[in-house]
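One chain, subunit A, links the two complexes that follow: it is found with subunit B in the first and with subunit C in the second.
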Partner chain A sequence: MTRWREALGRNETLVALVILAFVVAATLSDPRFFSIPTMMDLARASIVLGILAVGVMVVLVSGGIDVSFTAIAAFAMYCTTLLLVTYMPDLPWYGAFAVSMAIGATLGAINGILIAGFGLPTLIVTLGTLAIFRGFLLTFVGSRLISNIPSEMRDFSRMMIVRGTNADGSFYSLPWAFAFLVGVVIVTWVILYKTMLGRAIFAIGGSVESARRVGIAVRRTQFFVYVYVGALAGLAGIIHASMARVANPFDLVGLELSVIAAVVLGGARLIGGYGTLTGTLLGVALIVLVRNSLVVLGIPATWQMVVIGVLILIGTGLPAWQAKRAASRAA
Partner chain B sequence: MQTKNTRHRAVLGASALALAVGMAMPVAAQDSKTIATVVKIAGIQWFNRMEEGVQQFAAETGHNAFQVGPAQADPQQQVALIEDMIARGVDALAVVPMSPEALEPVLGRAMAAGITVITHEAASQENMHFDIEAFANEDFGANLMEQLAQCMGGEGEYAVFVGSLGSQTHMEWIDGAIAHQEANYPNMTLVGDRNETFDDQQNAYARAQEVLRAFPNVRGFQGSASTDVAGIGLAIEERGLEDRTCVFGTSLPSIAGQFLETGAVDGIGFWDPAVAGIAMNRLAVMVMNGEEIYDGMDLGLPGYESIRLDGRVIYGQAWVNVTRENMADYPF
Partner chain C sequence: MSADGEPLVELTGITKTYAGIHALSDVGLTIRPGEAVSLAGENGSGKSTLIKVLSGVEQPDRGTIRIDGETHPHMSPRQAAAAGIMVIFQDFSLFPNLSVAENIAVSAELASGARVYNAARAHGTARRALARVGAELDLQARVETLSVAHKQLVAICRALAADARLIIMDEPTTALTEREVRTLLGIIRRLKADGVAVLFVSHKLAEVLEVCEHVVVLRNGRKVADGPAAEFDAASLSRHMTGRDIAQTSPAPLDEAAPLLLEVEGLTKQGAFEDVSFSLRAGEVLGVSGLLGSGRTSLAKALFGLVRPEAGLIRLRGQVIPAGDPIAAAASGIGYVPEDRLTEGLFLTQSILHNVAIGRTEAHTRLGVLAGHSAWAEAMDWLRRLSVKVPDPQAPVRSLSGGNQQRVVLARWLARTPSLLVLNGPSVGVDVGSKAEIHGIIADLAARGLGVIVISDDLPELLATCHRILVMVDGRVVDDIAAAAISEAELAHRLAS
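Moving on to the complex of A and B:
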């Protein structure tokens, strides 16, 4: 009985139930919703959001917050594309990915130096760098969209894991880019749960002071976290540009609240020390579902914001309220 | 006519003054006019193309015509630039206003100083001698719809996209398109609302995916924002529907080119800013020479062979329809 209650009180269960309810409602209003093409569209839409969300979750677990990751993603994506178009149009796609991740990691390191090196508050630092990275990109690198992206990037977006034909002869497909989301999840899982580094990230998120006393290198761990989220942002950015077949410097920025909302919905705590990959992925699934089901459900565009807000309040408020009640009952 | 003559004298006076003061202007023939084209923003492809037209006009006519624009899309910076031009004593201004309202005072001062003012993309402007529009918005929308209907064989479901429901031009294009369809192609049906894309290709892509899911029989798409057809094209290509759907909309070859190549987008329409630049300058000279502008007049430019005059607003039929075959002719 208590185990049931515990399971119900977890964010993951709650979010999974909401997703289930949403899918049932959408299917009832339009039976065509529950189909392979829809699932493929949603999977495709969750790649970039998912990679960004995994990075943000790691930051939240470490007790920090990062809002600059979208600017890093846009910066890395645009610079890489420009570099490729201008100097090395024949660089294979994995080369482009490596360049973009390196640029992302470098920008993440700037955050890392300011946060771990100077001990500045994470929100303030990343708010500042969000504006700086974006402004620098638009002022000095370029503000014009590049629609003739290198053919290698275009080819990457056409590489499919599965491809099938619908009853009416149209295709559905899942691109290889999805494998990158899976890869990122696996790598992050290994880091968080199978390494000392992962233990250290959880520990400093729980309490910096305790972590320091047990001999954890707090600064080095923090520095790693921001470099890691930067590299993931670079990866997400280049995948975004490849799949959209255009490098638009105005893209991605503005997505940060949706990503943070997904992670928080998935149960990661803003005060640090707690967060799961399952929860994060469920949160991403829910946000993607809401953002991509407007026409089917007939929801006006502005309503999706209200829906997401309500979901956050319920999804994070209910478990918190239950925990408080349980605590007062125990006392 | 009387006012025109006095203005003419004022213009002559201003240019005589400019010459007398010895401003840094190229040596020019006696009847050479200085015409400044002031655009919304400098350095973007659209206005770079317009500058090519202005330079061509200058080379062909010997007038001192040049183009300037603010570094940022900011009405106040455009106001400051126009004030600079008034101070430099130009004979005429050809302006593409960022915001017609914000420019009223400064254009009023320019006219008071005897400068001929021509505007473009600003049919609501008060302080100008003439405004020249490439086309009436409804006609342009109907032109796109005509091609869409031809492609669809005059039957089937179609969906429409706008950059934003608040964009007057986009809404008028779609109004014109739907009216044209209802009048001429009764077997075509519009499905869904006007899909709003916020001038964002990713948004257009997601909305197109949804339309394809919600209305599996949809066979036609008409876009409005320049990024609409690119987003729609991507969704079409992913589903392998290139041959069974028709996609038309306002865009530029630089944005929609890769989808025109694969056939995911069938055709785009736009107006050539180079021709619009020449038209503004030519009109400015005509006004300064006291020539009468009348309905049905031929400005001697493609799309402006028979202009429609509505008050002081001139409409051409200067749209350009581009398909895979002729996209190479428009490198912008």
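Moving on to the complex of A and C:
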């Protein structure tokens, strides 16, 4: 009984129920919605958002916040593409991915040094680096979009896990890029739950002071977190460019609030220490559904923002309100 | 009884100065395996400095630290931990978001240098530690859901899991109810039998005397008493700690003709308290006592409108006070001093003066502008009347000792000239000397015709300050006793019934 109530009070359950309701409503209004092509479209749309969200979740769990990851993603993606086009057009796609992740990790390390090394507040640091990375990219690297991306990157985006044709003749496919989201989730799960490093990330999110006292290397852990987020941003950026088949330096930036919204919807708390991968993925799924499929329900696209806002207020407000009521009853 | 066995820890001639001030001068301390020692002293007596020296956080200027007969000229925190010296801080240093098992196992896991986290191993560590203290806890439960007593248990188990040989407990009983203190003492006995030494650091020690072999009292950085626990009692302890006699007072008798001030009728809040009725006359001090969870705190909050009762009436001088409205309660002359002054009572980073004046800003506002001078002058006046020792009234209030902080909260309310003060745990975390002075203030206020309600589980405090005591059990008032007619033991018995 209490277990049930506990499960109902959790964000994961709530978000899953909303997703279910959304899918049912969309299917009722257009039976074609519930089909393999739609699901694959949605899966495809969650790849970049999902990888970014996993990174953000790790930062939130550690008790910090990062808003610069979209700028890192754009920077890494654009620099890598430019590098490839100019100097090594034949580098295989995995080489390009490694370069982009390395650039992302380096930029993440700058955040890490400022936050872990100098002990500066995470929101302020990443707000600053968001502007700096983006400004530096547009001023010194380039602001023109690169449409002739290297053939290796284009080939990568053509690699499909499944492809087929529907009864009505429409094509559907799921690119291998999706496997990267799966991989990121698995690697992050292993780090968070199976290594002392991961437990340290949870611990410092729970209480930095306690972590210091029991002898956790707080700074090293924080530094890792920002490097990891940077690397994931680099990966998300290059996947984005490959799939869009164009490297647009103006892309991605502006997405940070949607990503943070997805993570918070999934139950991660801004005060740190709490967050699950399941919740994060559900949050991403919900945001993607709203962004891509609201139109099916006959709701104008401009309403997306309102719907996402309402979902955040209900999705995170309801459990918080329940917890508050339970606490006041116990007092 | 403590003479046998080689000492585990031997401190001799420890001296530590900060900016020319002797925090410790020539202090010695010996702790043997399986021995429990009380380290008593008021705030500022040097207790915390001694803990820091023992745990390697601070290096003494002079003196030697010997552990297992081996001298450590420069002991680091790591060396202290390796020698099995563990400190349990007042806040327990736990991770609220992690499970009981992980909180217990974390130190041992880190010490083992493992990179991979093995949940099964952590569970095994936690289970063994819990077995050593003979307690059971849900290993999967998140620590944030535990009671204070259980959190303390987790902290003790963590120290045990990391092979503690000396556990230093900083103010272990402050947040515990009487019954939980008994459980803690039971655990300490098991630890001693297990060969683990315990150092209690506290200024509220009467209750731990029975498990201690040895008592050491510090005052102004010097050791002023050191001897077998049997030679000390509550009175002699506080004499050593304060350097003066603190008489056990009882309140002045109440004037028979005192008018009725407060009437509470059938106050009910589901799950907190039920059908609570009582009255209070002007100049009367009423105690409300009960174990944690008996509803005493909710009742206190309800009187000040912080908790909205579902039924019942609160009348002050015949006027009904609107329920669940703290602003209306304050306006009609009720003051409330919360139990946790740090989070509920004070603006810690703001100045002492501002903390007092904040309650009176409206009265000193002309045309929407705060008349600073009169507000500050009034605040200063109240600080003086309550003899708050303020070196600098502009200093942040958190720089004050517990006793002085409590007086700042009191000063804020008294500046509003209330007719009823609700004091929730007036001397929690306050040292013996200040405590007696706060009791003096309560008596003084009552003599001037204020009604005072003291909510506390500190029985000597209730007996020393109150005319009458209400006993709450499971949300109901089960007893309404004249304080003069009951002994501490009898009161403790009724609370637990």
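We take it that the second predicted complex is superposed on the first by the 330 of 331 C-alpha atoms of A that agree within 3 Å, B and C clash if a C-alpha of one lies under 4 Å from a C-alpha of the other, contacts with A are read in each partner's own complex, and residues count from 1 in each chain.
Definition applied: a residue touches a chain if its C-beta (ideal position, glycine included) is under 8 Å from a C-beta of that chain, and two chains touch if they have at least 3 such contacts.
Being a predicted model, the structure only gives us computed values, none of them experimental.
After superposition on subunit A, the partners subunit B and subunit C are seen to fit next to each other with no clash.
Using the contact criterion defined above for the overlaid structures, shared-chain residue A:194 touches subunit C, although it does not reach subunit B.
Of the two partner chains, subunit B is the only one that A:246 touches; subunit C does not reach it. In the superposition on chain A, no contact is made by A:151 with either subunit B or subunit C. Legend: residue contacts after superposition of the two complexes on their common chain; A:29 is shown touching neither subunit B nor subunit C. Legend: residue contacts after superposition of the two complexes on their common chain; A:171 is shown touching subunit B, with no touch to subunit C. After superposition on the shared chain, subunit A has more residues touched by B, the comparison being subunit B against subunit C. When the shared chain is aligned, subunit C comes close enough to touch A:205, but subunit B does not.
Put simply, the nearest alpha carbons of subunit B and subunit C end up 39 Å apart when the two models share chain A.
On subunit A, the surface touched by subunit B in one complex and the surface touched by subunit C in the other have no residue in common.
Of all residues in subunit A, those touching subunit C in their complex are 193-199, 202-203, 205-207, 209-211, 213-216, 273-274, 328-329, 331. Every residue of subunit C that touches subunit A in the complex is listed here, in rising order: 78, 81, 89, 91-98, 102, 106-107, 109-111, 114-117, 158, 271-272, 297-298, 301, 307.
The touching residues of subunit A, counted against subunit B in their complex, run 30, 32-33, 35, 37-38, 41, 45, 144-145, 147-148, 154, 168-173, 244-246, 248, 251, 291-296, 301. Against subunit A, in their complex, subunit B makes its touches with residues 44-45, 192, 195-196, 200-202, 205-207, 209-214, 216, 230, 234, 238-241, 244, 254-255, 257-258.
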